[in-house]
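There are structures below to look over.
Both complexes shown next keep subunit A, but they swap its partner, so subunit B is in the first and subunit C is in the second.
The block that comes next holds the complex of A and B.
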């Protein structure tokens, strides 16, 4: 019997090598091309994972087609059913509401118009709580002011300064841009100089504050200028029996009297946007119009000059993202847990002793696969779904090509973040069922609760700020506008965080889960 | 390249798996690593291969810890658990991802498949393999990087008699090429004729570490299989009695 020859310097060499190893590992970094390639080979050589990824893509596309194919809308013209008219489009490409009463005249070349809003009043029909009478009052964004508009055509470019019902003076242009003006102002002025239009406001007509200067591209030499009044529907939100929300809208009308109108009339009168869709009562009870007396002009109007949101949102075609995500979660989880189940993780760690590099390579492969699948699925679903919805007579809110790209890439990024989170949960728990359940509990459950109109809006918003479901914000194609009153709740597709911030939250959770998984992988024996 | 194991200690809760184990595996020999079940053979191998961390002590391969080796399969080939396979993946693809992880060319997979007699079933799913075929695939994976050191845990398990003869021949050849080969087994007979040295362990310690001939002579046994078996039994029994009186 003999003991092996002792190596007195074995331990020393060991620790030196330890130091060399750490430096080496740092230099090599977490991403190792060979390990990445090995993990990709692993992924593509298991039929179930490839099939699962393809199934996720097909599921997302199929749900878009199913939803769009089963959705038909038509409008009535008296007793006749007709195709719905195309949505009016503003200069920015958005669908717009463009309806107001207009006392106007031609403006050729440069010029200004100055007015004082002497008074502004209105009615709101049958508001809560009792819904039993017409009350005097103004909704927050009732508008009375002056406007330069390219033409009387609905959707034509414009710039305007206005006194609002409850929001003070604002300058707005081309339906989506809004700049608040000074407090307490009643005097309004617009000055045109070429393409540039500057809005001013004043409390006394002597000291003026410039609010903003906007450029209306390609404004012709001759435009319309004048006074306008409009008043959007009054909106109220109440709780439904489940804890979600019910919204109600009601007809309103505003009137404003302008004096100190410089230069003065005469004025032509038109109801821009017409009065289609109004009931006879709304048309004749207190008719919209213009009356002049001496130097004062009184305009009465209803409607709004604003982006429109009450049509089909394009992201309905991405309804399949959540079910597709569940499939990808299962694929990502089993990509890790199958190795633990079979003991294959030891072979993996023999080939690559660096735990961080193994986990990083797996995360990159799972994330990249989910991203690529999401890119294909979302692009096809959005394009095909929008086309089929339009063919079915549905009015789909148009978005720019850039927004479409952002939504498609955002959907892919969301799927990637969730796949990496699921993979990390798999590495943490080492059990497929546990990890899949956990991933669904932290991603799908909060998203469902928040968007299904069963939670109070505030709770829903918190869920979509604080959980990995925040990344669903990337799917929102139509933004919320502070100058338009609407029910901006998750149940209606409005997320509390902007797309990039929502994705940042989701990726943050993915990174956190990976960090925990790495600590566990490094500490535990394999 | 040597494997140097120096005073390894490891506990799993109250159970002592390694209790100051030290031995050396030299190139050019098959070193048998024997002992009863639970003697610490597999734990020692996992520590050598950087899978488990010891509480104290060191295990070095060519003077370096396993975890510091770059492309480790080109230095050390290991077979621990032949059942560790993704059932849906073919034999060749199992070797292919391993080859990719070591920057080895894909052609290496075909070479080791032929070497282990799996060429004909290379494109079949590993899930349908018998235990014997899995052992061959595990050995193919161990040989993929043409390593100077081999660590094989119970490679004879599940092999038919013909397979055992084949495995013995292959291990002897590999040692003959100057590789250090560590083979664990709980059956002495499997190591018959091929092991140049034996490391006998019991309860986490080395009981004996010597050339096979020396062991047989020391324990005063006869020759051949009976002698080795007897020597092994006596050694492990002594160890158990020694342990029994002190604990």
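The block that comes next holds the complex of A and C.
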């Protein structure tokens, strides 16, 4: 494009005016209500942009309905297909596994129990590499210790201090809380005072270290106290070429001998959680139970006391966020580039002193529209999807209302950050195609590479820390628990950054792109 | 007819040669593919790693440039109105599109071959750690992955041309041409139903097309390597046919 050569005086005047305007713009701030209204009017009166935004919302909701509606699960009870049982729920509202062998008695009011774990052993059935024999050994989170539990009901509140297979002494309560204890300890003690339970550990039974004090809300006066043993399945994970992973779980069992039990027996015995789902071999080969001789008690058990993760994650219903994001990217980019294509940008910049304000107003409009669209779409998709999944017999991991709100707002924030990034890329390149492709290349490509089992786990984690795709962490509803062995990889929906940090990365990129766009807009001719 | 096609090819080549964007986009195909592949390889593998596939991971990023190249060849003319001059000079619109398709395929293949060679060279010079098996072009499967990846980039560029012809607006075309393959891949990874997942894998241009890069676990793949590339070819042909039809019946 050729421009008439300006008279030097005119150029000087022009730059002086420009300077005055910039100072003026600074005084009045980057956000100007009139400019904002002008940009909003442009947005809402162009049919394509409104249609694109509506299409993004519909896409997100439609994909949730499609995926949830097409998903049916039933459990087999022998040869009969039956509805899957409801997931046991812990005091925190999470789905839990609560299965262990328990030598217990009543504890009324305050009191303590002290034991020494004299020995701990176990078996693991058919582990890799050959999967051909039963070997002696303990999985890392096999647990043997003492526990105070409200009742024998599955999911009842508890606090426990335990020796683990390979992780030393830990204190845990209410399925999700875990505190490591001192190294080398074998003596364990629990002390109840009201609804406060304190766990202690010691290497010699003389010098004790308090691990933690937890409060079990509403603990009745009479509770169960005693020794327990449990042992979770041995896991190995292989990749699925279609995405995600295939987890193999193998039966394990642990035994522990407790001595110096003070105060001593007698003990009632129960298998909390029952032995539902166990094969006959697993039940009788070396039966779970309790044996007492002299002052020592040997408990054998299998199962786990932990949060449960092997059910449908609620954020499956938000799969449409990524495709919806692509549509919003196109809308946000063309919101800028269409002005360049039509030459309208010159009129816009003429009408608005301070170019930064135009860009700021456009960013606010694009970001706000994406946020509002995301909020509506994610809220409907999550609610509808969860309802349809449950109706299809799927076990959906429950999350608190607060988590649901966090995920929905997070999805909306992710869409807003990406829309602003796309808009800034549009202002930078001024070409719709380049900006759309660039936005997809920095947001959707890394996310797909990381979550669709294409890259190795480690590379996938790096991508989700360093690229604008980090914000997808906001969609993760179920946290990773260090005390539960699972495949915590992006391919299985576990992000390396916490939700707020991931969103911060995405917004950081949006701010950076916007800053570059601002510099370009101020320096270059329109 | 052949004379007209030759003239059309020469005209299109002149347009591509004398504007800076196509050269940049072709360079971007090579740079993005090699760069992303080298980055993925640098993170390392494990003894079970499919090394050729890891080395060619960059195709995932390079395909964005390939699609852009295909779109730009037609949408640039729609944006500037040059398309009317083109159609005035060459009233047979099908010939114009055929010439464009031929050029996109030829140049895309050249860039794709360079990109693949560069990626393999990078992975040979800096092999992935972690006990990943070494790369050897003498291996039949590796050679197939290499040739297939170059063809994949070519077909993606042709797919972009077809979508660009159909949609006209470059930004929307980029959204459609990249969005549809990603949509299918994303849905595929989350569907609960194994059969539906395998079906989506087989019909998705990206998943099926990239099967050609796999050298291990091929038995677990829902589709064979060349058949997978055939799926992408079908998508490209369909896009081109659909776009061509719209170009014929629509006012320029």
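Note that in this section the second predicted complex is superposed on the first by the 492 of 526 C-alpha atoms of A that agree within 3 Å, B and C clash if a C-alpha of one lies under 4 Å from a C-alpha of the other, contacts with A are read in each partner's own complex, and residues count from 1 in each chain.
The definition used in the following text is that a contact is a pair of C-beta atoms (placed from the backbone, for glycine too) under 8 Å apart; a residue touches a chain by one contact, two chains touch by 3 or more.
Everything numeric in this text was worked out from a predicted model, so none of it was measured.
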Contacts of A:35 with subunit B and subunit C, given as first, second, both or neither
first
After superposition on the shared chain, which partner residues are touched by A:441: those of subunit B (first), subunit C (second), both, or neither?
second
Mind working out whether A:45 is in touch with subunit B, subunit C, both or neither, as first, second, both or neither?
first
Does subunit B (first) or subunit C (second) touch A:449, or do both, or does neither?
second
First, second, both or neither for A:525, with subunit B first and subunit C second:
first
Quick one: classify A:349 as touching subunit B (first), subunit C (second), both or neither.
first
Contact residues on subunit A for subunit C in the complex?
63, 66-67, 70-71, 73, 241-244, 312, 316, 319, 322-323, 326-327, 329-330, 333-334, 337, 341, 394, 431-437, 440-441, 444-445, 448-449, 451-456, 458-459, 462
Using the touch rule from the top, collect the residues of subunit C that touch subunit A in their complex.
32, 40, 43-46, 49, 54, 57, 60-61, 64-65, 67-68, 71-72, 75, 79, 169-175, 178-179, 182-183, 185-193, 196-198, 201, 214, 217, 220-222
The answer for subunit B against subunit A in the complex is residues 4-6, 22-24, 46, 49-53, 58, 60, 63-73, 78, 80-81, 83-90, 93, 96-98, 100-103, 141, 206-210, 218
Across the complex, what residues on subunit A touch subunit B?
1-7, 10-11, 13-14, 17-18, 20-21, 24, 34-35, 37-39, 41-42, 45-48, 338-339, 342-344, 346-347, 349-354, 525-526
